[in-house]
Amino acid sequence: MGGEITLGHYLVLSGALFLIGLAGVVLRRSLLVVMMSLELLLNAANLALVAVGRFQGIPDPQVAVFFVITVAAAEAALGLAILVAIFRIKKTTAADQMASLRF
Amino acid sequence: MEQLFFWMLAAGLLISAITVVAVRNPVTNAVCLVSTLVFEAALFITLEATFMAAVQVIVYAGAVMVLFLFVIMLLDVRVEVLGKISWLKIVGVGLVLLLALVGLPKLSSVFPFAGEALHWGHAKVPGTAQDLGHLLFSAYGPLFLTTGVLLLVATVGVVVLCRRDTEA
Amino acid sequence: MIAYSPYLILLLPLFAAVVTRLFLHPFPRFAISVSTLACLGSFLGSLLLLFSGGLGSTIAIPAVPWIEFAGLKADFGLLMDPLARLMAVLVSGIALLVHIYSIGYLKEDPHRSRFFAELSLFVFSMMGIVLADNLVTMFLFWELVGLSSYLLIGFWFDRPPAGAAANKAFLVNRIGDFGFILGILGVWSLFGTVSLVDLPSCLTASPGGWAVTAVGLGLFCGCLGKSAQFPLHVWLPDSMEGPTPVSSLLHAATMVVAGVYMLIRVLPILELSAVTMTTIAWVGGAMTLLPTLIACQQNDIKRILAYSTLSEIAYMVMAVGLGVTGPAMYHLTMHAFFKCLLFLAAGSVIHGCHEVQDIWKMGGLGKRMPFTAIVTGIGTLALCGIPPLSGFWSKDEIFAATAHQPALALVSMVAGFFTSFFMLRLILVAFGGSPRSEGARHAHEGSASLIFPMLILAILSVVGGFLPVNSFLGVSPEGTHASWTLWVSLVLALAGFVPAFFIYRAATRDPLSIPILQGKFYVDEFYNRVLVANQDGLGKLADAFEGWVVRGFLVRGSGVMARAAGQGLRLVQCGQVQVYATVFILGALSLLWWILKSGVR
Amino acid sequence: MTAWLSPEVLLVLAGVGLILVDSLTPRSWRRLISPLAFGLALGLLFWTLWSSGQSIPDSWRNLFVSDGLSSIFKPFFVLCLVAVSGMSARYRLGTEESVRAEFLALPFFSTAGLCLLASARDFLAVFVALELVSISLYLLVAFHRTKQASLEAGIKLLVMGGLSTGFLVMGIAWLYAAAGTTEFTRLLLEQAGRPVTPALLLAAGLVVTSLAFKIAAVPFHAWAPDVYEGAPTPITAFLAVASKAAGFVLLMRIFGWGAFALDSVGTVFRPILLTMGIATVTLGTLAALPQRNLKRLLAYSGIAHAGYMLLALGTLGEAGMGTVVAYLWAYLFATLPVLIFINEMERNHGNADLRHLDGLARREKGAALGLMLCFLSMAGLPPLVGFSVKLAVFTTLWNAGEMPALVVAGFMAVIGLGFYLAPIRAMYWEREADAIPATRLPSFLVWVLLAVGLLNLFLGFYPKPLVALAERSLAPAPLSRQESGR
Amino acid sequence: MDISYLLPTLLLLPLFGIGLIALGSHPRKTAIVVSFLNLVPGLLLAGLVLRNGQVLFGPEPIPVRGIFPFKFILGIDGLSLPLVGLTLGVTLAAMGVSRDGVKREREYFICLLLVGLGALGAFLSVDLFYFFSFHEVALIPTFLLLGIWGQGDRSGAAWRMTLYLMFGSLVLLVALIGLVLSIPETARTLDWRVLTEALQTNPMTADRQTILAALLLVGFGTLISLVPFHSWAPGGYASAPTPAAMLHAGILKKFGLYGLLRVALPMVPAGWQQIWGIVGLMLAANILYCGLAALQQRDFRWLLGFSSVMHMGTIFLGLISGTVLGLGGALLLMVGHGFSVALGFAVAGEIHHRTGTTWIPDLGGLAKKAPKLWFYLMIATMASIGLPSLANFAGEILIFFGAWASHPYLVVIAAWGVVLSAVAMLRAVRGIAFGPLANAAESSPQGDITGTREVWPFAFLTTILFVLGLVPVLVLGPARPVLERLLSR
């Protein structure tokens, strides 16, 4: 199983997760999944934070994770609320249906 | 030991994350997201951040994801119809892959301590609820208050956006 | 203050012009009086000046400052040397006669007060040229003469040809002035002064070479325009569109001889270069002959006279080119008398025939207008240089000067032959035979104001030869006389009458038809086709370039480009949030890549 | 004790108070809620002005700082709040009328977040404050939930904002990884005298990305036009002025005094910021040319202005910072009146199409004059204040030797005139008055527009006050360069 | 007695007038009265300048460090005096030929006054910031004047003019920034007197000077419509309402020339040496190209516009002559051209008012129908083609004399330009004034300009043209020491 696990491993992992999140944001039509992908982004950051805190020996990143989770929750709640409102008038959550404002 | 857990969890994490992005059924997406979060919580534990792991499971997997599922059920979202596969998407995926395989290891190597090995029990940082709580209420007190306001705003928002029109 | 009083001869006409133009416009009678009296005053003043302070000497008069700036000094000063004084008398005198003549000639014209205002302005400008003490102010008046002649030629502005002729006159003069101003600039840069008084003393350190030649030719160019010499002669015949008094004033005594006068003034400079002098002499020589040829085939009475004027002035130019100013001035004076007489007579004919100008539509006028016929005859004899009339004496001196240039002498004498030919043609056709038009049948003599000036001029034409012009100028007559010129020229002049008499004795239409002469050697056509058309063509090109390329392509084009770029950028803004996200991510990634590139260095 | 009565606290209290008052009082009192909100905002403005530069509670010191910059910009944000409150009071909510109190209260929270941002000295604080602002803005933008445009704008802002948040958090994580801290001064001290590490640069790059998003710099700008157009106009004003300013305040703070105020970092970021500035100016100007919607026009114009400020900032010198401060104030004075007017226009005509301006000069002379002055100020024509600040930008660029940037900025300023003149042309040239339905503006608004327009003129001729502001914001910087050991 | 407060008075009076008009006084009368009253401080200041050499108002220049180191200083000396006089005179005349009953009268006269005010401020400003800003004050009023009250292709003309001028201004601005930043930071100032001195005692490197000179050339060149930056001018003037065309062509364009004389030439002398060749080409193009284009114009206003552009070339020749003579001639020609072109546009405006067109082929017989108008048309024409005794002639001849030594070829071109302009103008005069009455002229209700009320602006401009032509020392005298100082350094 290779060498020892290092901070680098965790950072790569978090980076990969971040990239997957980005891909989700860009590729998926459903706004619900887009928002899930945004959660992935934050989670990737959380992973990095915790790992860094562990290796740097400081507790502050974990506090940051705490705040991030709070923010993520608020953002998710609000986003879902907007989605519900959108669904009420448009009966869809497809991102490409939301393009009346343009040019 | 560390290696075993890390690789297992990492694989799980990535697989579920890819599933979140790749699968078309929203319920599957949501469930996989939960599993991603749980895997991540497990990874927190490998990093000896037990309290954060608990928060992750309770708040994230517990609360936020339930919210997602609720909405999915509420809206009765169907399986997503595939959009056109445009060159943009192919290029995007290709780029992601390229970056993941080539860029990330290189990128990660630039950070200090990047090569420091993980050994359980040698954590220099306390990860208990008490320690974090102390920090949260003293040094980061103002921010904690601010997050309170933030949640208030979110609450108001949800109420405003999702209320039934009784007056109209 | 009294020292400035000579300025009155200059300012009186100006005053008349301004007052007439601004205040007396609705009152023609007052306008005419003021204008004529001013001219009279100017004439008397000139006479007084001519005889005061001794003949042949220079009177010093303080200058009025105009431009005195950074080394350039150009003031309004009066140069009161004998030449100027004689010229002033001549100009104002002729102008006075023309004024008197015009009173009768334009009795019925509703715009006559404007005419007199313009006439006064002309007198003022002409006196200015004569009296100017430096080249810059001379140029100033030079231009003003151009303006007033423009106004006078275009006096009947509702006749389209008048406008065209006025424009042509002004523009051709402008071309001459173009050379003149460059010549003045050259004088200034070579000799450091533009003052005519200082000029002779500055010439001692003559730089010589091509520069002097160029300067001389530039100055001569001014003369070409104003004195209507080849190749700038085309305006003068056309300018006959103006009222006849104008023709006589402009083309007899004053405007056209300004060029000669100016040449005499700057002669010291011209003499520095033999090339210049030769050029002047030969241009003059050629111009004595060419117009006389053309005149033989012209039918408009005034045009015939105009071509004759071209030829006569060419004699003066030639004389200057030969370096003899005395004969030139002498001829200038004599020419003023008889040519003015001829023009006034022609005016009288036209007036009498109710605006008929074509000699073939006249005929039989000798009986109906005997006085006019007689003075025309006198004028003709004077013009042709038949002794003892005025023209004979002056021409003789010029011919004498050509004695050592036989080619020139020959050309100019042959011109005398043709002059006699066409003048007799004119008299025979217009005054002989029987009337050939309604106007000619009812022809009559004009009023006293028409007769009087003609009478004076006729007397002067007869006795003018005995006036002591040379003593006015303070020079002694040329000593040596090569007598052959006298006889040859006289014989040729008399010989000219013979063919004319036989051809035109009883002709009712022109038996000769020589297209090239009728077409005036096609110089006008050449100008129109080649020069004007080319310049207009360039103008069209510039205008099209301006319209299409500059305004259309560059200006509007850049606007369109900017707008198109804007439209293009809008397309990225397609409304798809995921496209935005892609742009965002790509932007962020390239930013990181850039940082890595420049940071890891 | 008074330290606790900082604007942020009072703003939150006011917001909560508004909601409480609304829910606790009889329904018939509701029409008083708008004046109340406006009054509160106005009161807070005076309080902020009076208490600016006052010290903050001790326990906040490690997260927040009270210095020249914050004391200049807190009033700025509260001034925006006043305008937004006034505009909100006149905004037609339609079916949302029952939640007007929330509509009025939420900007207070958002402003609190902005004020916190203005004095944040720790990236964690930046994150939390920024999220407070963002989340309130997501909500406010989508507030008009029966209007599709509003919702669409909301979801677009949310997606893009979420993305940017992701980058910010990742950046913070990397900052921890690179330096072990997110506190500005410590970051500075940590790195001083050492060769800069790529890790720190990368982290800074991520942070800058999210701030560039905030100020709508190319290529992170794409959300701005759509969101400006879809959002309720008062919120557009808030986004266009306050939120953009906050981004700049942070950029100034991190590049001017804290965190990344190091030459070694600067040499890397200077070309990046300048390039971004050039791109932003160019895109904003060119894309604005074909716009017929006044709100979109303003959005692109705002992008262009961000570009100019970014160019000044990109020189990373004291002069550049001062310029940005002055520019932001000038931008406020030029943009806010126009948005106030657009708010009225939407109230009367339902949208912000340029043709509603036709013949305005005949109907509303004062308002047209005021608007014209504002547009001209935005275009940067002397003697309006917009010119003075553009002059400062050009001067800064020349002084820094950034000729390509200077040339582009100059060219774009000329092209920009092309679209700033469009509304003027509509107001003054186009159709005659009788062809247009007459809807009068309230006279006090006319006076406001005119007064602010003339203020533009006055400040153009006499920019001393702006200079003073700029100098004050620069002068007493506790996180001064000396501290960083240089 | 210190009466330097007359300087701000010059600016405040029009401002006061604008206020009065905005508040409801009779627009045209107010504008005329204000412009007339402004002559009083103008004349007093002229006297003061003649006696003292210069008048200054405002704080003494001290170097100020910071972002905006400018001070509001007004000043007038022998160089700006003629231009201030030009502004006052042309403004008065422009107000005089304006008419009652224009649509949206108030705004119209406010815009006109603003244009005049801007020019006046620019000529009076000692501080480069205000020097620049005041010029721009006129930009938007011009845009509005063209757009609202213009004729023909007013929209295109307005856009073109505004964008062009803005372009020129910005290039100029960049150049000015460059100039100011070329002196050490401790001595930094925007006062052109101090700046000139500083730059002359410590000149910049030649390369830098060259760049700045090129920028200044493009900037000022656009403002004075130097080829190839000229194409806004003819069309703009053709479309502008009469008083606006008078003000802009007569006064505002001179700002660029004034700026060259005041700022550009003395501050970067070595730079100009480097680009003489290009400048010569450009001004030759101005004279020949625009002269030729003028030949082809069939609309009188376009013709005036082109001929005005063409004259800029001649003035420029004076500026680059490098002699006091040439500079003085340029100054004189600036003033003369200002008055004459204003007169020309005033006449064109009257023609347009009477016949509804300035299309020359449609016109004719003006001399018969309206002799007074014809008289002034002749004066304008003669002035513009450099007829002696009018101011333009004196200026031209001085320029020719001044530039002869250094640029003989250009002088030849310029002299030929005089011929070209004569051809163009006289053709137009022939078309307009000579010949039988054209239909357009016959159908018009009014005839000649009559009565003092209509005639005085024309007579006023004509008088000034004659006075300056006959007594050029009025302009040259006070300017001479300034110009000499300018060259001696």
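Remarks
A, B, C, D and E label the chains in the order they appear, each numbered from 1.
Assume contacts are C-beta pairs under 8 Å (C-beta built on N, C-alpha and C of every residue); 3 or more make two chains touch, one makes a residue touch a chain.
Fair warning: this is a prediction, and the values are worked out from it, not measured in the lab.
Number of steps on the shortest path from subunit A to subunit E, with steps defined by chain touch: 2. Taking the mean of C-alpha positions as each chain's centre, the chain lying farthest from the centre of subunit B is C.
For the pairs A-C and C-E, the count of C-beta pairs in contact is higher at C-E. Farthest chain from subunit D, judged by C-alpha centroids: C.
Overall, the chain located most centrally, as judged by its C-alpha mean against the mean of all protein C-alpha atoms, is E. Subunit D and subunit E, compared by their mean Cα positions, are separated by 42 Å.
Averaged Cα coordinates give subunit B a centre that lies 70 Å from the centre of subunit E. Distance between chain centres (mean CA atoms), subunit A to subunit B: 6 Å. Subunit D has its Cα centroid 27 Å from the Cα centroid of subunit A.
Counting partner chains per residue, subunit B shows two or more touched chains at residues 92, 99, 107, 110-111, 113, 140, 143, 147, 150, 153-154, 157, 161.
For subunit D, residues touching at least two other chains, in rising order: 124, 128, 131, 135, 138-139, 142, 145, 155-156, 159, 163, 174, 177, 198, 202, 225-226, 418. Within subunit C, contacts with two or more other chains are made by residues 559, 570, 573, 575, 577, 579, 581-582, 585, 596, 600.
Taken in their complex, subunit A has these residues touching subunit D: 7, 11, 14, 18, 21-22, 25, 31, 34-35, 38, 41-42, 44-46, 48-49, 52-53, 56, 58, 60-61, 63-64, 67-68, 71, 74-75, 78-79, 82-83, 85-86, 88-90, 95, 98-102.
The touching residues of subunit A, counted against subunit C in their complex, run 22, 25-27, 34, 95-96, 98-103.
Within the complex, the subunit E residues that touch subunit D are 66-68, 104, 107, 129-130, 132-134, 136-137, 139-140, 143-144, 147-148, 155, 159, 162-163, 166-167, 170-171, 173-174, 177-178, 180-181.
Listing the residues of subunit C that touch subunit A in their complex gives 570-571, 573-578, 581-582, 585. Across the interface of their complex, subunit B is touched by residues 1-13, 15-17, 19-24, 26-30, 32-33, 35-37, 39-40, 43, 46-47, 50-60, 62-63, 65-67, 69-78, 80-85, 87, 93-94, 96 of subunit A.
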